[in-house]
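Chain naming follows the written order as A, B, C and D, and within any one chain the residues start at number 1.
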Amino acid sequence: MDTPLPDYLTEVLDTCGGDDGGELAAYIPELAEADPDRLALALCMLDGVVYAVGDTDARFSIQSISKPFAYALALADHGLDAVVEKVGVEPSGEAFNEISLEVGSGRPFNPMINAGAITVHSLLDDERVRAGFSAFAGRDLEVDEEILGSELETADRNYAIAYMLRNHGVIDADPRAAVAGYVRQCSYLVGVEDLAVMAATLANGGVQPVTGERVVERWVARQALSVMTTCGMYDAAGDWFTSVGIPAKSGVSGGLIGALPGKGGFSAFSPRLDGHGNSVRGVQVFERLSSDMGMHVLETPPPARPPLREHASVPQACALDGTQEGSLYEIQGSVDFVAMEQLLRELDRDPPPEVGNVVLDLTHVHEVRDVGRRMLLEGARRLDLDGHHVSFVDPEGMLRAFSDDDPDGDGTIDVGDGTEVPVVRSR
Amino acid sequence: MDTPLPDYLTEVLDTCGGDDGGELAAYIPELAEADPDRLALALCMLDGVVYAVGDTDARFSIQSISKPFAYALALADHGLDAVVEKVGVEPSGEAFNEISLEVGSGRPFNPMINAGAITVHSLLDDERVRAGFSAFAGRDLEVDEEILGSELETADRNYAIAYMLRNHGVIDADPRAAVAGYVRQCSYLVGVEDLAVMAATLANGGVQPVTGERVVERWVARQALSVMTTCGMYDAAGDWFTSVGIPAKSGVSGGLIGALPGKGGFSAFSPRLDGHGNSVRGVQVFERLSSDMGMHVLETPPPARPPLREHASVPQACALDGTQEGSLYEIQGSVDFVAMEQLLRELDRDPPPEVGNVVLDLTHVHEVRDVGRRMLLEGARRLDLDGHHVSFVDPEGMLRAFSDDDPDGDGTIDVGDGTEVPVVRSR
Amino acid sequence: MDTPLPDYLTEVLDTCGGDDGGELAAYIPELAEADPDRLALALCMLDGVVYAVGDTDARFSIQSISKPFAYALALADHGLDAVVEKVGVEPSGEAFNEISLEVGSGRPFNPMINAGAITVHSLLDDERVRAGFSAFAGRDLEVDEEILGSELETADRNYAIAYMLRNHGVIDADPRAAVAGYVRQCSYLVGVEDLAVMAATLANGGVQPVTGERVVERWVARQALSVMTTCGMYDAAGDWFTSVGIPAKSGVSGGLIGALPGKGGFSAFSPRLDGHGNSVRGVQVFERLSSDMGMHVLETPPPARPPLREHASVPQACALDGTQEGSLYEIQGSVDFVAMEQLLRELDRDPPPEVGNVVLDLTHVHEVRDVGRRMLLEGARRLDLDGHHVSFVDPEGMLRAFSDDDPDGDGTIDVGDGTEVPVVRSR
Amino acid sequence: MDTPLPDYLTEVLDTCGGDDGGELAAYIPELAEADPDRLALALCMLDGVVYAVGDTDARFSIQSISKPFAYALALADHGLDAVVEKVGVEPSGEAFNEISLEVGSGRPFNPMINAGAITVHSLLDDERVRAGFSAFAGRDLEVDEEILGSELETADRNYAIAYMLRNHGVIDADPRAAVAGYVRQCSYLVGVEDLAVMAATLANGGVQPVTGERVVERWVARQALSVMTTCGMYDAAGDWFTSVGIPAKSGVSGGLIGALPGKGGFSAFSPRLDGHGNSVRGVQVFERLSSDMGMHVLETPPPARPPLREHASVPQACALDGTQEGSLYEIQGSVDFVAMEQLLRELDRDPPPEVGNVVLDLTHVHEVRDVGRRMLLEGARRLDLDGHHVSFVDPEGMLRAFSDDDPDGDGTIDVGDGTEVPVVRSR
């Protein structure tokens, strides 16, 4: 059987490819002379598989799509507070190349506008950017020196911004060097597969899904995605969020990325731009993907199954040695806040028979979130306090109770106040 | 066993209750004379359970928290296009009571600022608001006529806004009547439990979790949540989204709601306000909740289990009559885009033996999303095309293959191009 | 001989009458249905003579031209400080109907925009406006009730402004009443002759040149003219000042006034408006008048004659009784700062012979300004200190030394420190 | 007798010298270390006399006071249209160092803000500025290279502005060179006497009053003065114009100039600045001077004498040969629009006896303005048409009827349509 994904993506491209509206960016020859009909789309799953269709061999400069990745690198190197002190996180409601500095402080509104991006770049150096971007992409990226040269010739607005930033004490660096570095950052050549993988790294909490390298910490990825959500599409942020709902970033060369946390990274490429500077066909591709796939981050999922399987809690042989009866709770689905709230409520409403074995079986659990784990352990602690003999069955080690020394062996887990609860691989 | 939730929520209140910063809203006596120390918190799960701690009997006027609910009612009554034609969805980066009309059209930037809210209200009438709000809350809400009267006396800015709206042709109604209606909308008395339930209705895709009533369509709830995300916290939208990441709305009487799609509705109440007009302690409560519970909407979940259980695909007796061998695929977790992409890829990489039975067993499936269902059916269709005899096992009817007439009986499902695949309740 | 003035003015009208560019104001029927071809021009000299050509019998509503006159009345009634506390004097660089309130105070930028004009009006009452405007015009002006009614129906923007003003505490009055009064102020019917006379009253230091009535104090007229200079033509103030250079005000019905201090009042009327809301042909008329007549307020006059006539200071019989010789100084032209500086310098450089008569003869003096008078008296005092016997010859009483009781008789004047100097009518 | 001017100016200084409010400009050491107590005042009359009191030997950098003079040089070199195409004339209502470019065109609002001044400078070169400024001052001015160097080190905001200007195509030059040139322009060392003379050159219609050199044309001086009026005092333009009413410009080193057309040039120097960047004591000096001297440009002069002397028009021997009787009209005061309108009206109302001699005697005329001359000649032409023998008596050649070859001889003047009217030196 052939997986239908490539067929689907090709169909999306065909649907969107007919629109020849929009205009090529004209300010440098390299962009003005791009083939306006090129169109490509890629998708990187979080286990590292990449689908790509259309003009997948097209190479183009990354431009503003570099912004969230440079922001992530700066966060990683300097910490949240140091970066937020320099660059805010508020949407400015203005076009990308507005100066948009906060009154008084002169702090750029956010890292997705040029003023913020230049400031962010000033916290990095060229080699850090090259190495970092390459880590996000999983291959050595290279600068297109011709584009870099052309852009530097028409970088007056960016020079203006950089001088204004130094005027406000936001950057210390030589403004011309700051712009040169920033423009270099924008001149890395990429294709849609690179962009999809880079986006997927953010969607994957900072771990590059192909190489498996942790490029940035989880909080860094979330911060970058948050700012992409509110500021990534400039003055169309609200329109984008209501209709597409995927943290995204576009570039003037026609690229567009989207990163859906826990799901995957997306990218599109088509050089003709709309009035906001976003790729006309790229936007259509994303609208189609979001609509087809239900990928708006606020999309309400249908009600999940209850956290306890039907036959749970029936008294049965459930001691670890199989000899004693007790209550078995087979948990299913996600161990998250919502599920554990229900489980704990159920245990409150209909507690297990007083004094006896209680087995909490995670065999059918799908994922364990931090808050869910804490709540589950608290439940175990309370059951223990009530006099039960509690144990966990955790075939896949989701409770992180098994030591590295003895990964297969049985373990215990501290559920609070020093109470240790046994954990076994299987009933 | 007592569920630990109330203890946890009480502890959150205790932590945040010590801050007596901020100021009471002073423009009407009813707000200026509120007890500044009142503090309450509520949480409504999507199965209708409500937790509430603190001053849960405090009643206060809903104020700006009415905005997303009135917006939802207007969307429901008039459709998206008609409403968006009147009121935009872009953050304005300005305070709530700025006029903030788009240059040219005079269209208010978004429905969370007063100009947008007055325009939204003009699409409704008082009775619709009363009935709609009551449906969201699950009880008959009432206006505090004293607050209404006081507010009307100091509504000059709102009158100014309303006249400007009619000047731009955005509203047709008498501006004074429009303001009177809008102020009435803001004067409904609520408590934290009401607010939590109302928020939960949005988080639940429009279905009131206590009454089970569908108050608005799913798309309406998503649109309201989207606008809350980008515009709900005024000029602090970016800060809120990066740090808390829950679609939210605050009111000048000290209320604050958050709605996390598919998870629950939250509310807090504490009258002292910060410089943005948000409840000081309410914001702290939400920061604590978001951090503790990992409830930022962009929070990347940990990798889920693979969609196929380990022992899947082993040739075994798997025909419906148990007599023939074939390939069994036990699917687990969510049937969503990500999981189905993996499943289909696996079927592509390692297809079942040519010509034979293929059973797709959904017994361990946790939820089925639309896109996942479509992909799964497409997989079944392709397997059928490859010559396999495909069947589904769907104990809980998640594929919606069983007719109402025969809910327990076996059924078939059309997987495309007229191909019918049998579905049974169990192996 | 016929004076060529009417011929000249008619020729100006003919030159400008060919332009049919611009559009009628369309917001009320009375303006939209005006005859667009009407064109008139009037000129009022400060001795009360009025020239008027074209459609001089056309009556139209005064509209925004009422603003400087209402401002003058408010200044007269409440004093400068009280009015400036309410309304600033800074150009806003915005269109007339922008709200344009100062951040923080909410004070309107200036009295020539609607916000400022409504505030100014709130300092007056209807009867004061009626009586005051009639005094400026020299006849009883009347409101066009039909225009008033139409304007009130479309006054939403003004209502918005008025409510915002009360919101900021700038006005106390009921905003609807404030607008009603302001719109009434704008609905007085005038013709070009009325406007020319009204402008001339400001140009004449507040004295109505036809009736001779002092309508406002000199400082009030200067303040009104100053604000007309910087704010009278909205966002074209700089362009108007560089090219025309006459304090001016236009109205949406097509009227335009200019007031040149000490020279005269001008008016034009032609209903088609340019993009700034100024009469297209009215502006042309003023450009032509300013250019032809050299009437820019900064126009540098050619060097005047020296203040001392050639034969001055020759020793001659110049005692009052004609018997003694002395020094005669025949002063000519203006006794202003510049001339007196020269005279005093000359007396310093080439003083009269020690001890003797000094006659300062004002027979050929053209005007005496306050500062010039003070300097001349100081010179007399110093000559007296040097031992001279000083006397003035002042045939026309320009030094104001003759008492009302004895206007023809001889007098003395106190030149400082109690020194009295004789003044006679003639040598 | 000593002229009292120095005493008066000293008294003004003493009155204003007590205020030690305000702060030194701090952005470069040279300004921050200035002696804050220095105070000086100068006055240059249009015949070249200069009064100066206080710290008249203080030398300071000219700073923004250079702007109107550079503007005048650019106007002189390139013409009005070419300069206005680059830089507008509208007040921006913003501080001096705001970018303040017009939306769309990117044209700076006016030449008194830095953006406009840098653009103006780009139309000149260093040598032109040096020579031009020296011509205005009447001596070779020199740059303070230390100040220049310091300013260049802190010129980031100006660099930002210059790059933004090139970005908009407003300047073509290298932005760093443009700023370097502009800062050089601001670094010329001057004293109060220099500034008073420079201001006086503008007030004198472009002729340097000491050297007698015409530095710029009359229209250039008027344009520079007009822009100083509306834009010279930044966001305090309206306040300055209503209270002081003298075209003015201030600089950050503490200098302040005023230029009153036809009257003189003023300057003050005191380094402490108010919040607008204007010299605190300088502003006080000007308020005092304007108030004392009645020098507001809109100050209404008292009514002048009528243009005809009392005994005019009496039939008397008035033919050129003294043998024939006729009508003598002795004109006095200014031959300007107002006076000639009166004269022509008088001739209309009470014409000379039919057919006979008419002598128009200018012996007592004080000044002749262009428009007045044209009106007077038109009157003569009409009298000639009516059959009168018209002649002028013009002892000082004010009608410009005498040829250079024969300055003392009799002449004729063409009063229109080829009609020649005799002009004689004396009756």
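As a working rule, a residue touches a chain if its C-beta (ideal position, glycine included) is under 8 Å from a C-beta of that chain, and two chains touch if they have at least 3 such contacts.
Since we're looking at a predicted model, the values are computed, not measured.
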Smallest number of contact steps required from chain A to reach chain C: 2
Interface numbering overlap (same over half, different under half) for chain C and chain D: same
Chain C and chain D, separation of their C-alpha mean positions in angstrom: 21
Cα-centroid distance, chain B relative to chain D, in whole angstrom: 69
Where chain B and chain C are represented by their mean Cα positions, the distance between them in whole Å: 66
Where chain B touches two or more other chains at once, by residue number: none
Parts of chain D lying in touch with chain A, wherever the complex brings them together: 99, 156-157, 159-164, 166-167, 175
Chain D residues touching chain C - in the complex, by the definition given at the top: 1-5, 45-47, 49, 88-93, 109-110, 203-205, 218, 221-223, 225-227, 229-231, 235-239, 241-242, 245, 247, 261-264, 292-305, 332-334, 336-338, 341-342, 344-345, 347-348, 351, 364-371, 375, 378-379, 382-383, 386, 396
